[in-house]
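The same subunit A turns up in both complexes below, where it pairs with subunit B and then with subunit C.
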Partner chain A sequence: MAVAAPDRQRYEALRAIEEVARQLVAQIARGEGPYLEVPVRTLANIIWDPQSKLLKLGPRKLRRDFLDAGEARKFMQTVLMMSLLARAIREGDYPTIRDLYYAGKHTIEYTDEYGRARKEETWDVQKESDSVIQDIEVLTGFLREQMGILHDTKGKIVGRLTIRSGADVIDCSRMGDGAYSIPPNPDALEVLEVDAEYVLVIEKDAIFNRLNKERFWEKHRCLIVTGKGQPDRSTRRMVRRLWEELGLPVYVLTDADPYGFYIYSVYRSGSITLGYESERLATTGARFLGLTITDIYDYKIPRNFIIKAKDRDLKRAKELLNYPWFRSSKEWVKQLQLFLEKQEKVEIEALSGYGFKFLTERYIPEKLSTGAWIE
Partner chain B sequence: MAVAAPDRQRYEALRAIEEVARQLVAQIARGEGPYLEVPVRTLANIIWDPQSKLLKLGPRKLRRDFLDAGEARKFMQTVLMMSLLARAIREGDYPTIRDLYYAGKHTIEYTDEYGRARKEETWDVQKESDSVIQDIEVLTGFLREQMGILHDTKGKIVGRLTIRSGADVIDCSRMGDGAYSIPPNPDALEVLEVDAEYVLVIEKDAIFNRLNKERFWEKHRCLIVTGKGQPDRSTRRMVRRLWEELGLPVYVLTDADPYGFYIYSVYRSGSITLGYESERLATTGARFLGLTITDIYDYKIPRNFIIKAKDRDLKRAKELLNYPWFRSSKEWVKQLQLFLEKQEKVEIEALSGYGFKFLTERYIPEKLSTGAWIE
Partner chain C sequence: MSEQYRQLSPSEFFYRNREVAGFSNPTRAVYQAVRELVENALDATEMHGILPDIKLELREEGDGSLTLAIEDNGIGIPSSEVPNVFGRVFYGSKYVLRQSRGVFGLGVKMVVLYAQMTTGRPVKVRTATARSKFVYEYEVMIDVEKNIPVIKSLKISRNDSKWHGTRVELSMRGNWVQAKKRVEEYVRRTALIAPYARISLEAPDLVLRFERSVEKLPPAPKVGRPHPKGVDIEMLRMMVERSKRSTPLVEFLVENFDGVGPVTARKFCEWAGLNPEMKLRDLKVSDLELLALKMQEFSGWRRPKASTLSPLGEELLAEGVRAVLNPEFVTAVSRAPSSYGGHPFVVEVALAYGGAIPPAERPLVLRFANRIPLLYDEGVDVSVKVVTEKIDWRTYKVEFPAPLAVVTHVCSTKVPFKGVGKEAVADVPEIESEIEAGVRECARRLRLHLSRLERLLEAKRWRVTVGKYVEDVSRALSYITNYDEEQLRSRLVELIRSRSSRGGR
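What follows is the complex of A and B.
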């Protein structure tokens, strides 16, 4: 794995922002109305690429003209955010997306064409400022994490992995009963050493804590990761790097329900609404270890442990059947159709009915040794 | 700080469970119907002790008779859970509360007094098994964490603090841009070294990440902690130990709204519904650093950064005014009444309107140096 240079990357992002700004200045200098060409982020321009198994941005771009009354506000917001980001990088600040919302929020007072005094907020809600941050991500080709924008992080990791973050060397096998909390920008981590055969991604934090307490990662020579339910971008980026750069197979362990399958799907292919992130965040080789719907019957889960599916579970399962990466997998189609037919789901803790060690001493090793995962 | 002996504590809990069981056996041997005397956990038996500033369990106990038809089910559940816990401790398992729910869930088939075949579930929902775990906590005087029961953990810590967890020595000042994820049972941690003048507890994870990235804890010689909103029990226990055993003052930083004040209240005095935990989890000396309602006006937060209070904010503020630890503080009464009058709240990120460094270079140092916190 190449040496990561966090600050270098941040300054490259700054240069990319400055380049966009330079083009605007050049347009003005030529006497043209300034405009930005922003790749379209909506569903209509998100394309499933079966080759790379990735959701990608298509070729469509949107022209955001300053002199177009319908685009002027969004143009102003984009340039305002670019200036906030450039200043933060230059001054060594690491704002959160909410900090940026407040830092840029102010009232513009102006006189309209009829001579009336008018007021306009730069943005009214954080959704607006977040949206232009996304535009700047696709404009410059840098993730906001790479620009040093901070956010909530949920991910934890443990195992024989030694990394460098800033001046610190962190041995993720020496965390006791705790764990290493994955930093906001995993791209800034340098991997110094790894001794693991695979990565096990665990949906539930409490199950992660249990496997850590049992030192599963030591006995089975793996890294264990949790994103606590729906993973954040940092956890997804971390898993992607472990898979892509270290060549470690990635297995995902969730409840047997469409919500768990969707979590797997987010690790593997990203969310459709934020398709443009997938190129950097998705682990397209991620394998689903379980629990599957067929596990409910193969492992003879007692009837009173089985939970009746709710309407929203059925709805979600139908949505999943429409996602290309599920639709193109015979095994996934089988699982989802079986779920829709039986309308039953089960939690991973249900395996504890066979003893607390059943999950770690039988279920996971059996699935791995027989190759009984789904792709 | 005394050397923590995690396993010793777990075995003490086991002995306490065994002692309760021995009494049941003795009752049966004497020909009596077996019964348990469980301290009442409901609001009626939670007492505010102004001396210790703690919510405590009162003296009321409930007699749970096996031969009382109305109590038999709960009696069975309590004894079942005791046996699950004893087995887990003896066999070195670390189940989650949900694992325990499934491990104990089964159908009891029996014939009733009219000769009819009947079936009963040991418990139907996890609420029932969780409730008997709480009963066993108050019966034995051991927290479930001390018994080695696992759960979701949210807390993170960074700063000049060196701890031992199991065989590992963890230096919380060498976590790079990440953090040490607080383990489920902080009682099992042994503090080896600390070099800090106070603990800063931060409501928001993203703000914690920012202060960590700025190395605030290094510049200001403190430890920083986040519980990501409403803190879990492990984070509360960790903060309590830092305050009680290391004598570090604890300051809490939240948004200026009743939700933030309530988070402070949970660190300081616990939740009313789980009052019995407070004796071990509450940091009764915790100070509220900000943001206060008066800060909105003292720091001249721009009008367009101020958020109108919602009905649930007003409701929560009125509830807080009823809590003894708020009601007995003149300054808190003033803040809450001002809030109810103005009906305005503000987020901590609003300070970024004055520049991204305003929070760390001006607001926090100013509050600390002038002693402008609330108790």
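What follows is the complex of A and C.
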């Protein structure tokens, strides 16, 4: 039954696409200019919901009117992508977003207002086709993973976790020095068995590899995950499922700088660009384990390991202070203000100044046992 | 004044001062000769209600001379007058005021003189007046010292075809190769300002033919009296001399000047401190000076009448511009009559845009004065000053390089020319402001036209921008919904068509 569920979702997504298209056809049949109402996906329309602790899409919608010269191209791209998605689902294909880019790319030949023959590509770069996929997600309420659209993934997981993917059963504790690569649609995974007390999400791939090599997850009975920097959707969805379905607490470990802090907030509250899927992706209970700015001083990190903050770090910190999901947390305001005051940052690796095992044998256990995390 | 010159032989005087009349070099001489002859031909026709038909021929002869022939369908010259018209330099002008191209006949005699001086050959004249039973063919030379015509031959033949008009043929030294461009430009511009004329030119490497584009002549100017404000002492003295010596001053003013009634005349005399009943014979030389001065200063005169002027009119001017420049847009303005220093004038302006006009960094300025094209001395002309310095063309949506031509026509009983060449109009404030107002009025209409074009282009651009996606949109929607693709396409096309006919979005 684990396979049937995503397939059913695909057909529901198809029906949603067909419904949007039917409305457009009805407008055309009535002699009206066809238009789509696409929720706006920019910061201006991102709302912080303190109740659910989620970033959500606000009510603002953009009327994408085919007869509006400024919107016509996007309108064409949107319905073109809708037809590509419909075809993939109807024909049982699982294209990547790059496949969709190529499948829809062709040259439009036309005569311009001066009578000259001109050419135009349906889309020039993948950014354009990716952007309309996101529009279709918000239009239909179905995520591309639910439509069976694949993408590059970079998330990895290791630990005592057994899952079924398709016809295969995978034991995530038997990956050697490697790790299980989180697939594009983690919803298609069925968790068979888990033996862990928490999930440790690590910003950096190198640190993840070191912890894996030390078999940290075995010694500390946890699952370790990395999204290699800014996490993709499937990594975030995976973490969310582990937290929500298995009830595992989630701890996030990043560098002590505004970029690390923002990565944590993406796991926890969602991102601005994907505000519309926070409800599915965000792990609202995620805790920030470290490194904090105060750690720099509490752990007396040697001065020569401390990096002077750059202008863009300071700028980023000020932006974070303006985001309501940071501003509403006393502890985060304290951390960011301290950062702005001291103008110093450190990488996780700075802890190695006290020996390579300091992070795994002292820092993490100490933080976990004293509850010194930020929520 | 004229008495003295007659004794010194005016022919000789002009002969020695030929550069003043525009014959300074063999290039300029060709242009000047063409100009004088064409203007005479036009005066012989249009001033008398005849639609002009002018044929101009130029030939380079084996001996290096240039033969110039012109034929018109004008009123012709009475046979007995021919020798004097072509062979005697005299003051043909009377004190009549009306707009004409030049003082009658003076220029043509300079051409004859120049031709005779450079080749030694007589001028050939063939002419017949309306309903004349005969055609007269003369060969005339000028005895320069005595200023008398010498008839070399005279042939009289029956006028069976009822022809009337004049054909003049003469030989002169001239540089046709150098003059060609100017002559071509002169004929072209003459055709522009005289759209009611048929003008043809046959010359080495150059054949021009301008058909008549309108069958209507502008109203001919009336003969008028001088305006008191435009008077000078010399003129006043001659007028006094011509009048009866017992005439009272007030009566003299009323009879001799434009728009002066007894009431105005008395008011003036009172203002000037002159006795209105004073007889002319009692006027001393000093009184004459005072009178002239006061007449110029007095502000109570009526404005000079413009009936002595013959502007082309907006319709004819626009037609001429259209026929010669072949623009996409043309508009013309004939301003209300105005005056400067007692001389009435009318300014006409036409503006042409696009079409066959080549885009340039500056507007092309075509200047005319009393229907004469002005080709030289462009840099100092008041029209050029207005068009290039006073008008900011961006105000009127013109972005250079632009295919823009501005035509200005100043009509006056006395055009204030700059310098002796009579090729540039001086910047008299009254004329300058009329030209500016005319150009601005035309430019406002051009702006409307350009805005309309812009809107049309905008609508077209919109149709293209949206229309190019119809194919993909209908195919995609048809695939998703199974709705007929062809029907979707035609509905969208129709939607775009109906929306753009309402002016787009």
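Quick note on the criterion: the second predicted complex is superposed on the first by the 336 of 375 C-alpha atoms of A that agree within 3 Å, B and C clash if a C-alpha of one lies under 4 Å from a C-alpha of the other, contacts with A are read in each partner's own complex, and residues count from 1 in each chain.
Basically, contacts are C-beta pairs under 8 Å (C-beta built on N, C-alpha and C of every residue); 3 or more make two chains touch, one makes a residue touch a chain.
Everything quoted here is computed from the prediction, not taken from an experiment.
> Scan A:Ile108 for contacts with subunit B and subunit C and give back first, second, both or neither.
Second partner only.
> Examine A:Asn185 and indicate which partner it touches, taking first as subunit B and second as subunit C; both and neither are also allowed.
So A:Asn185 only meets subunit B here.
> I'd like to know which partner A:Arg15 touches here: subunit B for first, subunit C for second, both or neither.
In the superposed model, A:Arg15 contacts neither subunit B nor subunit C.
> For A:Asp168, select first, second, both or neither according to whether it touches subunit B, subunit C, the two together, or no partner.
first
> Hey, is it subunit B or subunit C that touches more of subunit A?
If we count touched residues of subunit A for both partners, the winner is B.
> Examine A:Ala72 and indicate which partner it touches, taking first as subunit B and second as subunit C; both and neither are also allowed.
Second partner only.
> Considering only touches as defined above, state whether A:Ala206 meets subunit B (first), subunit C (second), both or neither.
Only subunit B is touched by A:Ala206; subunit C is not.
> Classify the contacts of A:Ser83 with the two partner chains as first (subunit B alone), second (subunit C alone), both, or neither.
In the superposed model, A:Ser83 contacts subunit C only, not subunit B.
> Per the contact definition in the header, classify A:Thr96: touching subunit B only (first), subunit C only (second), both, or neither.
So A:Thr96 only meets subunit B here.
> Under the contact definition given at the top, report the residues of subunit A touching subunit B in one complex and subunit C in the other.
Of subunit A, no residue contacts subunit B in one complex and subunit C in the other.
> Give the list of subunit B residues in touch with subunit A in this complex.
Residues in contact with subunit A: 88, 91, 93-103, 105-107, 121, 148, 150-154, 156, 163-170, 174-185, 188-189, 204-207, 209-210, 213-214, 228, 302, 304-305, 347, 349-353, 355-357.
> Which bits of subunit A are touching subunit C when the two form their complex?
Per the touch definition, subunit A meets subunit C at residues 17-18, 21-22, 24-25, 28-29, 31-34, 66-69, 72-73, 75-76, 79-80, 82-83, 86-87, 108, 110-113, 120, 122.
> Can you name the residues of subunit C that touch subunit A in the complex?
Residues in contact with subunit A: 457, 460-469, 471-473, 475-477, 479-481, 483, 488, 491-492, 494-496, 499, 505.
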